[in-house]
Amino acid sequence: MGVFDLALQNLLSPMVLFFVLGFGAAFARSDLTVPQSVAKLLAMYLLLSIGFRGGAEVAHHGLTAQLLTTIAAGIALSFFMPFIAFAILRAVTKLSVVDAAAVAAHYGSISAVTFAAVTGALTLLGTPYEGYLVAVAAAMETPAIFAALAIARRAGRGDSEGDAKPPGEFLREVALNGSIVILLGAFVIGALTGARGMTLLKPFIVDLFPGFLCLFLLDMGLVAGRGLEAGRRYLSAPVIGFALVMPLIGAALAAVLAKVIGLSPGGTAVFMTLAASASYIAVPAAMRLALPDANPTIALTLSLGVTFPFNLVIGIPLYISLASQIAR
Amino acid sequence: MQTFPKKRIEIIIEQPVVKRVLARLDAADVTGYSVIPVVAGRGHEGSWTAQGEIGDAGQMMAIICIADAAKLDAVLETVFAVVTRQIGFVSVSDVAVVRTERF
Amino acid sequence: MGVFDLALQNLLSPMVLFFVLGFGAAFARSDLTVPQSVAKLLAMYLLLSIGFRGGAEVAHHGLTAQLLTTIAAGIALSFFMPFIAFAILRAVTKLSVVDAAAVAAHYGSISAVTFAAVTGALTLLGTPYEGYLVAVAAAMETPAIFAALAIARRAGRGDSEGDAKPPGEFLREVALNGSIVILLGAFVIGALTGARGMTLLKPFIVDLFPGFLCLFLLDMGLVAGRGLEAGRRYLSAPVIGFALVMPLIGAALAAVLAKVIGLSPGGTAVFMTLAASASYIAVPAAMRLALPDANPTIALTLSLGVTFPFNLVIGIPLYISLASQIAR
Amino acid sequence: MQTFPKKRIEIIIEQPVVKRVLARLDAADVTGYSVIPVVAGRGHEGSWTAQGEIGDAGQMMAIICIADAAKLDAVLETVFAVVTRQIGFVSVSDVAVVRTERF
Amino acid sequence: MQTFPKKRIEIIIEQPVVKRVLARLDAADVTGYSVIPVVAGRGHEGSWTAQGEIGDAGQMMAIICIADAAKLDAVLETVFAVVTRQIGFVSVSDVAVVRTERF
Amino acid sequence: MGVFDLALQNLLSPMVLFFVLGFGAAFARSDLTVPQSVAKLLAMYLLLSIGFRGGAEVAHHGLTAQLLTTIAAGIALSFFMPFIAFAILRAVTKLSVVDAAAVAAHYGSISAVTFAAVTGALTLLGTPYEGYLVAVAAAMETPAIFAALAIARRAGRGDSEGDAKPPGEFLREVALNGSIVILLGAFVIGALTGARGMTLLKPFIVDLFPGFLCLFLLDMGLVAGRGLEAGRRYLSAPVIGFALVMPLIGAALAAVLAKVIGLSPGGTAVFMTLAASASYIAVPAAMRLALPDANPTIALTLSLGVTFPFNLVIGIPLYISLASQIAR
């Protein structure tokens, strides 16, 4: 299927349309809202579902040596992308060192919902992908945070409590954040229980996935639309340009690595999407702890208001299409 | 009914550092505190709402701590050391309680 | 099936029984409660489900000229029923002008949950209905609000902020309230994605519908029971009489229009139910903005405590039975 | 620790008009406010609870606004113009804050 | 704007007895009250959080009641009779309101 | 299947693994949490599901005379187990009279989630059980509360408001607590609507059960782990011993009664599990009202932090294995 057909089919998928609905409702200032606890339930469900299915797939196909290589590649990407992002931001935008470092951390890390969206699109297309990429996704969440801290420290900015706080405590908080625990935990449980567990949980974990994803993307549309509204004043042209180009850079780097590792077309698309996506759960919270002087609105507006919609609507079909050519 | 004067410290602070503030209250030896959710607001950085949010980074919480006036300065100092670099603020008011030995 | 059998079968459906359970629990002052955010999730799900299914049905059968006629008929009903309701209320009850106008607005508008209940009952009976009635339902939500304002203004009562507030702002708030956005949005998405979207979302949107409806009706029973308790002092005999007769008047008017338009038996039953139902989400909020002097407890007690149970238990089987004779 | 006197304005108001009240606070140039949920209550019209409710019409919210005493009158006047016809009320208390320039 | 002094009674009390406390406020003839959720806290018995809890037994709630000073003693006495044996406490502060006849 | 195989299979079921995940996350002090309203939704779902399925099973197989005998046996167990528990606690631990009475009430009553877990395990094994045991579970919730009050009163401790509060009011509060209402209500609705209702609700009530149970047990793991942390200081060796031995005593008593009554192997396992389980919803709230001087942390730490995990991981496979030998 050509990239154009893919893009169109993607655009007309219920998932993307529900996102567009939420986005539009936010702009029209509708009072539609999803309660916070419902949004958290949906997020938890998506993580549990993609984690478990990845694990069950691994139980079925076994782990290959590729797993370790891909995890290493993912960690490397997550750690080095912030340096690229920081360099670009400092070169083309007026962001301060701390703000640029914080934004860079978001783009080195990943977005689990974008991950869920690309797996949804691949399932629709019937394209398989390596189940262990769930573990890769989990591994890519945090290295970017430490890269950003290194960048900020080099520039003389650091943790809000200086040496008063043991760094191990911060490491633990970051490494054990809820989304990593549930994603990796469900992955391990999926791997341990395999086909037996899958039979039991399929109606919940597989059959409901598209519906829950739609509801969640409706919420993401609302939140992204409102966030864009709230952070409008930070959206200069260079900053927007960064938020559109950085995903492409990440995807390109991931494509090269995927080719070297020998990932399948589906796996290549997922890996590209992970690199292209920007965090908006784990990293924002970590930045408030580690770089409190960074303005949280800037990073969130870019990651959630610009990059997420871009990946969802344009990026994902693009990456899938490119991946099918790269990985053949 | 006889009542005794105390201080009511209200800390409105961003969610990611709530744990740190509470740890400092613990260290300052207050007898307790209560955390109340804030669901929306506006400040210098514009307005926000918790509706639909999955992350906690943008959300504020209110921490209420009734304490003896004698402890006020110590509490304010240790709490303010965190609050000053974060999003949030502290306010203090006078209250009267029935059981003075409780605080 | 005779009306009596229908009524009995309806009464013994799990949905109605769960409503009765909630109603009974509220009267017995059980501490059973459904968290507010869960209730909102359930309401959102129901709107999304009936919206999407209506749209998918339209994608399948196509839009007919009837759509526009039926929407026009629905708008007319929603706008003119409040005048009838107001006249009755002023004639037989002691409600003030403002209170009567506010109550009238509730009865001109519609209840999405009653809509969900009638479609659930029709699905159980295997009776099809026109999918575009979802759009009709959305169109019927707000005209009644403006009718009530016209009534109140004629009597010299109006918006709480007088000319300080641009009327366009209020119009936008009312027209873009969350339930309309999700109902119409899901309808359009269902129409755009058709059978493809339906296959994807069926386990969520179709298979879970009866279960979610049961849970929601349990909550509605609790809320209606408690509301009836709280508003007891407003329930004089004439006022209760109004809340039982007005649905029948609405249903009768709708039946005539449905016959003229040529709706199917199922469609006629749905249209009658819409007219017979009274709002308890969109209109109460709008009345607080536009007619703040109206006592909100009165309208809510009638709509949720009397008319909703009446429609659920007696009205729906009655309308279905009548519709099958009218529309043959 | 040195503190400065401010006013704590607490507005308990029905949900449907919260937006309007906040718009008036914005217009009155306060430095910010925080919204806290109320989940149940009783007033002249009897008792209510948010439990199980899908609409917002019957629910109350609490708006907290710390403001300088100099602004109090202007804030009260503009807010009260809305509150007086709606369900809700305003109360004001004295508080002390650390950073006076923040409010 | 003219304001009138009233008392703001804040009762932080465990959820299972909220109903009983409210019944006593009703009996003491206050004009109303508002209930605000507490989601976490610490006291003499250690810390707690409402997160993930399905039962209500361990949760605290905050009851706010604005009342006239003349009624304060009666309210405190009847409320304190319950609160004293349960987990919770009462505090009172001074507030000013616009409509004195409302409370 | 031998007890060891059963235990292993149980340990490797997704449900138990999700509980372990939550437990581990709590100990590692991860910030993973389930919103309170989501936890309440899941609890409500489980009660509704087991209630309805029990009722539908009764509609299918009919009620036997055993029902009344088993309810009577359940009530007797619930009422007399607290006396045993109290005697043990006073003999081997340093708990005060009031604390021991409160703990005893928890162990006389039952845990609906443990009930859900044993039915889940039996379903996995394909072992049927008497549907009316749902009604038995509901009947066993409260007698223990009154036993504890009798014990405390004998020792001169009582209700917080003495004679100021009509005892009927407390009785009503306890008998109509939300979990009993929903469990019994769904049971009756299941019995009334039978196969018809089951067909309608199966995708919700049956197919989603394992998934919802996993999510709920993840939450229970988090809550149990945190509770254990919070109540650590109360966990002396004798107290822990009690929390491990008391379930076995309850199970043994229930096994004898089940044999006398003639329950099926599945029913015997369920009845043993009910007796072995300890309450952590209904009883804690009742104790705060009736024995406010009792320290709530002690009972909750034991019931949720020790006995629940013990039953889930070790108890249930043990009871199932024993039951299959006893009831043959």
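By letter and in written order, the chains are A, B, C, D, E and F; residue numbering begins at 1 in each of them.
One rule holds in what follows: a contact is a pair of C-beta atoms (placed from the backbone, for glycine too) under 8 Å apart; a residue touches a chain by one contact, two chains touch by 3 or more.
Small disclaimer: the values here were computed from a predicted structure and weren't measured.
Greatest centre-to-centre distance from chain D is found for F, with centres as Cα means. The distance from the centre of chain A to the centre of chain B, each centre being the mean of the chain's C-alpha atoms, comes to 33 Å. Our note on geometry: chain D versus chain F, Cα centroid distance of 44 Å, whole angstroms. We define each chain's centre as the mean of its Cα atoms; on that basis chain A and chain F are separated by 40 Å. With touch defined as above, residues shared between interfaces to two or more other chains in chain A number as follows: 33-38, 40-41, 203, 207-208. Residues of chain E in contact with at least two other chains: 36-37, 39, 47, 93-94.
All chain pairs that count as touching, in label order, are A-B, A-C, A-F, B-D, B-E, C-D, C-F, D-E, E-F. Chain F meets chain E in the complex at residues 33-36, 39-40, 42-43, 160-161, 165, 219, 222-223, 226, 230-231, 280-282, 284-285, 287-289, 292-293, 295-297, 300. Put simply, chain B touches chain E in their complex at residues 1, 3, 6, 8, 22, 25-26, 31-37, 64, 66, 93-99, 102.
The residues of chain E lying in touch with chain B in their complex are 10, 12, 36-44, 47, 60, 62, 73, 76-77, 80, 84, 89-94. Residues 14-17, 20, 39, 45-58, 82, 85-87 of chain E touch chain F in their complex. Residues of chain A touching chain C in their complex: 12-14, 17-18, 21, 25, 28-38, 41, 124, 203, 207-208, 210-212, 214-215, 218.
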